[in-house]
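Read from first to last, the chains carry the letters A, B, C and D; within each, the first residue is number 1.
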Amino acid sequence: MKNVALFGAGRIGRIHAANLAALPGITLKTVSDPLIANARELAAAHGAQATATIDEVFADASIDAVVIASPTTTHSDLITRAAQSRKHIFCEKPVDLSVERAQACEKAVADAGVACMIGFQRRFDPTFNEAKTRLARGDVGTPEMLVITSRDPGAPPVDYIKQSGGIFRDMLIHDFDVFRWILDDEAAWLSATGSCLTDPAIGQAGDIDSTAVTIRTKKGRLCQINTSRRAAYGYDQRFEVLGSKGLLACGNHRPTEVVQATSGGTSVDNPEHFFLQRYREAYRLEVTHFFEQIQSGGAFRTTVADGVAAQRLADAAAQSFESGQPVLF
Amino acid sequence: MKNVALFGAGRIGRIHAANLAALPGITLKTVSDPLIANARELAAAHGAQATATIDEVFADASIDAVVIASPTTTHSDLITRAAQSRKHIFCEKPVDLSVERAQACEKAVADAGVACMIGFQRRFDPTFNEAKTRLARGDVGTPEMLVITSRDPGAPPVDYIKQSGGIFRDMLIHDFDVFRWILDDEAAWLSATGSCLTDPAIGQAGDIDSTAVTIRTKKGRLCQINTSRRAAYGYDQRFEVLGSKGLLACGNHRPTEVVQATSGGTSVDNPEHFFLQRYREAYRLEVTHFFEQIQSGGAFRTTVADGVAAQRLADAAAQSFESGQPVLF
Amino acid sequence: MKNVALFGAGRIGRIHAANLAALPGITLKTVSDPLIANARELAAAHGAQATATIDEVFADASIDAVVIASPTTTHSDLITRAAQSRKHIFCEKPVDLSVERAQACEKAVADAGVACMIGFQRRFDPTFNEAKTRLARGDVGTPEMLVITSRDPGAPPVDYIKQSGGIFRDMLIHDFDVFRWILDDEAAWLSATGSCLTDPAIGQAGDIDSTAVTIRTKKGRLCQINTSRRAAYGYDQRFEVLGSKGLLACGNHRPTEVVQATSGGTSVDNPEHFFLQRYREAYRLEVTHFFEQIQSGGAFRTTVADGVAAQRLADAAAQSFESGQPVLF
Amino acid sequence: MKNVALFGAGRIGRIHAANLAALPGITLKTVSDPLIANARELAAAHGAQATATIDEVFADASIDAVVIASPTTTHSDLITRAAQSRKHIFCEKPVDLSVERAQACEKAVADAGVACMIGFQRRFDPTFNEAKTRLARGDVGTPEMLVITSRDPGAPPVDYIKQSGGIFRDMLIHDFDVFRWILDDEAAWLSATGSCLTDPAIGQAGDIDSTAVTIRTKKGRLCQINTSRRAAYGYDQRFEVLGSKGLLACGNHRPTEVVQATSGGTSVDNPEHFFLQRYREAYRLEVTHFFEQIQSGGAFRTTVADGVAAQRLADAAAQSFESGQPVLF
């Protein structure tokens, strides 16, 4: 039986808490959140204890692992502290908005010899993961081209956007990780462009809401990513990979399989509303994977090094967009 | 907090146990199964106690409700005993293969004043339930025709078939319930035919494996049901209802949304393998509904009367098939 | 080069005329219609001559073949006269609403030694025909069950319905032919029911608008047909056949492949509006087949005997509906 | 009645000849091809006369219009000659591989006052055209992003590739035209990359087979185009446009609507094999449009100016790929 502490009792923290509660052999012992009311409510729902501090967690020798679901700005400190306290670490993406600090985390974890997994949950989505499995098995031959469509149903508040690090670091970080995972290759050339098309307030905050990124890999493979902060029809999460022997296309998940036909047309459900719905199963599977690999000593599917690599691509995309020139690696 | 006892530690019992364990405010106290090893294993997984007898359950005044997932032949006795012990009852379908005994259960429950819900889980399937909601809301006008396709991936062992009551009572019981639920109407005329086409051993056991049933309702609406014990491509569970203003069609659920295109064709996943996969969410939702309605005093979506009504239709279908003549109601 | 005469310059006659005009080696010589203005207009469009009589056609020794697209009541006379005049015959379905007269046509054709093909155009629909080809090739094993969905976008005028022979002879005649073609088997037991649900005027005219027919074949295979005179979403023409090794399902054709997703849902085009659109290619292919087989001396895919057999099933369905009892063959 | 001459009796010439033959009011008078045997065969099939020269066509005052379906290298000469001879012109894409020569054609046509349409047939594809209509009508709001997927089933012979002008001019010319047509905007920034991934012989011929192009328009809209010379599953021709209120996605056309489900999966037909099949209807519609607009004096949907503009984009893409830098307009 392993004892776990959770940092962050917000939206994503509640998802992790429920998944932890259902895992055999795992006890959610402590929920830490500076908003102690939130911590208490979530802790009570799962028979855990609440604290407003982080020190209490690190001082508790009975805690084997921590799950970090607090704001991005706290990630690198918590990873470093957890590593120093010899606790295994599951941390939500991103490691840090700064590649340097992310690399420092990587070193801290390595020095301490603890296991640290980064929550790129898309790698655990049943559809995406099945595509990866088939691709790796050679079902469509050698990969040549990847097209990623990644659109949010609507933009977050402008206050969030201002401190988000920009669309490439905040939103495309997932797509850059998918790119590396699916093509199993690294960028050689990256070009990014974009516009502010959905809301002038985003532009006034110094960001854009629509982007188009192209990457050529070291092996000459091609990747195109198109993203938008707004899709009127819901959370649009698809990719397709062209291989020498065929195509694997990952479609959206829909709440139901009802087809309705009237004089106005034949329609199906729109995609799942947003990431909490679409990736519900992925969140469950990634935490399961975390504890399985700790138990078995196996490698994580998503490491701190993956987090650093995705961050580098986000930095390069931001640089390319600002300069109007491609970035070479 | 409510204490619950579970009868039956088999395949479906394990599903219910896991769902009970995840329900806030519910404690699975006892697992009862004559195969005590099974009872113990399942009880241990959820921190419950095990017993090989049923008397222990009924003698335990702390138990508020029972979930009956034991073989069909035990259902009516357990319902009657539970009613007499003033425990609320969730019972897997069917109530009983005999309409008379099912009616006796209905009376026992009414006399005792306990709540009793029958596990017609399809009414809780998200897709089917959404179709019902839209139909009730008038999205496609007044219903006129219902076509149900209901095919198992493969036949059960012949030993099971011999004591199953026949395909109409064993397999179509669900479809008869869907018919009543979706059309919100009762049969006036029913005609059934069928054949043994997939395995001669089924015919030698006195049953058939392929059926075609047609019902005309009291309001003149039409329903056709086609079923088979074998579908090479998986568990085929669909229905579509034609209304005066359009169509609602419920498609199969698939494990993933991967589309694969090669020189051999463009393919999607086959349907979920069988009922444990397809109705996983429905099993969770029906048990949630059971405790919510007990709590609120609201009516169940599926009552003992529904179980009796479906059984009557199954009897009529068997009679029609044997006589080659329609049955009038 | 073959000279052809066309009887009937109405809706379906115009379709045939255009297809004849595009066939290499075929000359549309004469268009015959008692409404001479219609005959003249259609003839002029294709460089043919017009006549209001039928005698002129049969007296013209240069005419090798006739295409009969005039009203149903004229079919048997025209077939008989054409056979006597030693002209090959393509005749729209049905041969005749009376099985006896249809059989008389069969004999007249055989006696004269001319070729006579009946226009069951669905056998030439690219989708349906591909399904038949795969079924015959064994791609899904041995057929066991056929489900036909056949719904018109809206009912014809009541005046038409009054003289149509009733829904089984007017509308299901096509479905009965599909049944025989796809299952390659004959009916042993047939049960039909139905209702008037879409328009009371249809009931007042002595007909119904919604039917459900079930057939068990001599080999024990099962077929269910559901039809309606009204489908708000368009012309719904589908069937699916379950085989021992899988399923073949024929979906509707749609005008375009545009998918539109808005906040209101994700939608595709409704099916092609009606038979002239859906079976446009089938009409072209059946006439091509007619002349190819005349040229090569090969057998037609749809013979007068097929027309007679479909008519018998329509009669049986009408009888079953009226008596409330199945018909045995 | 208009007399037409056709240049080129090859694959695409035969398509045009058949479509011309079916047009009321149009007579295909002459087929010109230096391979006189081909010219004769095609002319005979449609009752036309054949010639191996072009002079004969231009000297024939009875010819009102020419259809140019000869090799690309002949286009600009034929356009110029036809303009000088005051004949209306339908010319297959591209106008010319050189923007300068294409502009000279534009001037020659304007000076002569004849009508000249360029055969960008995709604008006439029923699916693509329906998407354009809905977009123009505002059904999904203002366009923001366009993603074009354009993949051939297999590469042409290397000898063809050597003289094709390269993938951007030979294959993407269509996609550049679709970009301009759908977004109704012009490029401000274009970046292209690519690789040789399918066949080293293509690389040895100095070309690539896989490309990824991104365009930002003057209005800030984004477009991504991904193309490959090889798609194992067939001719993949799709685009989707994201608007402020939704998405319009154009899917592939398939030969039939058969769905086959076996233990190996559930599959539909692969896309139509190649452009002759996919754009069969588009070829018919564009020639119809040509003569309708000549008759009415209306504007063509695709002009020489469109041909010049697409050629400029192809040049820019080639330049961007070679330099590794974006091109600004």
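We adopt the following convention: contacts are C-beta pairs under 8 Å (C-beta built on N, C-alpha and C of every residue); 3 or more make two chains touch, one makes a residue touch a chain.
Quick caveat: nothing in here was measured; it's all calculated off a predicted structure.
Asker: Just going by residue numbers, which of B-D, C-D or A-D has an interface where over half the contact pairs are the same as at A-B?
Answerer: Copy of the A-B interface among the listed pairs: C-D.
Asker: With contacts defined as at the top, give the pair, B-C or A-C, that has more of them.
Answerer: Result: the pair with more contacts is B-C.
Asker: CA centre of subunit A versus CA centre of subunit C: separation in Å?
Answerer: The mean C-alpha positions of subunit A and subunit C differ by 57 Å.
Asker: When the C-alpha atoms of subunit B and subunit C are each averaged to a single point, how far apart are the two points in Å?
Answerer: 42
Asker: For subunit C, jot down the residues that touch at least 2 other chains.
Answerer: 140, 232-233, 245-247, 260-263
Asker: Could you pull out which subunit B residues touch subunit C in their complex?
Answerer: Touching subunit C: residues 140-141, 144-145, 147, 149, 151, 189, 191, 193-198, 210-212, 214, 216, 220-224, 226, 228, 230-233, 236, 242-247, 324-326 of subunit B.
Asker: Would you pull the subunit B residues touching subunit A in the complex into a rising list?
Answerer: Where subunit B meets subunit A, its residues are 22, 24, 45, 126-127, 130-131, 134, 139-140, 245-253, 255-263.
Asker: Which of the residues in subunit C come into contact with subunit A in the complex?
Answerer: 232-234, 260-271
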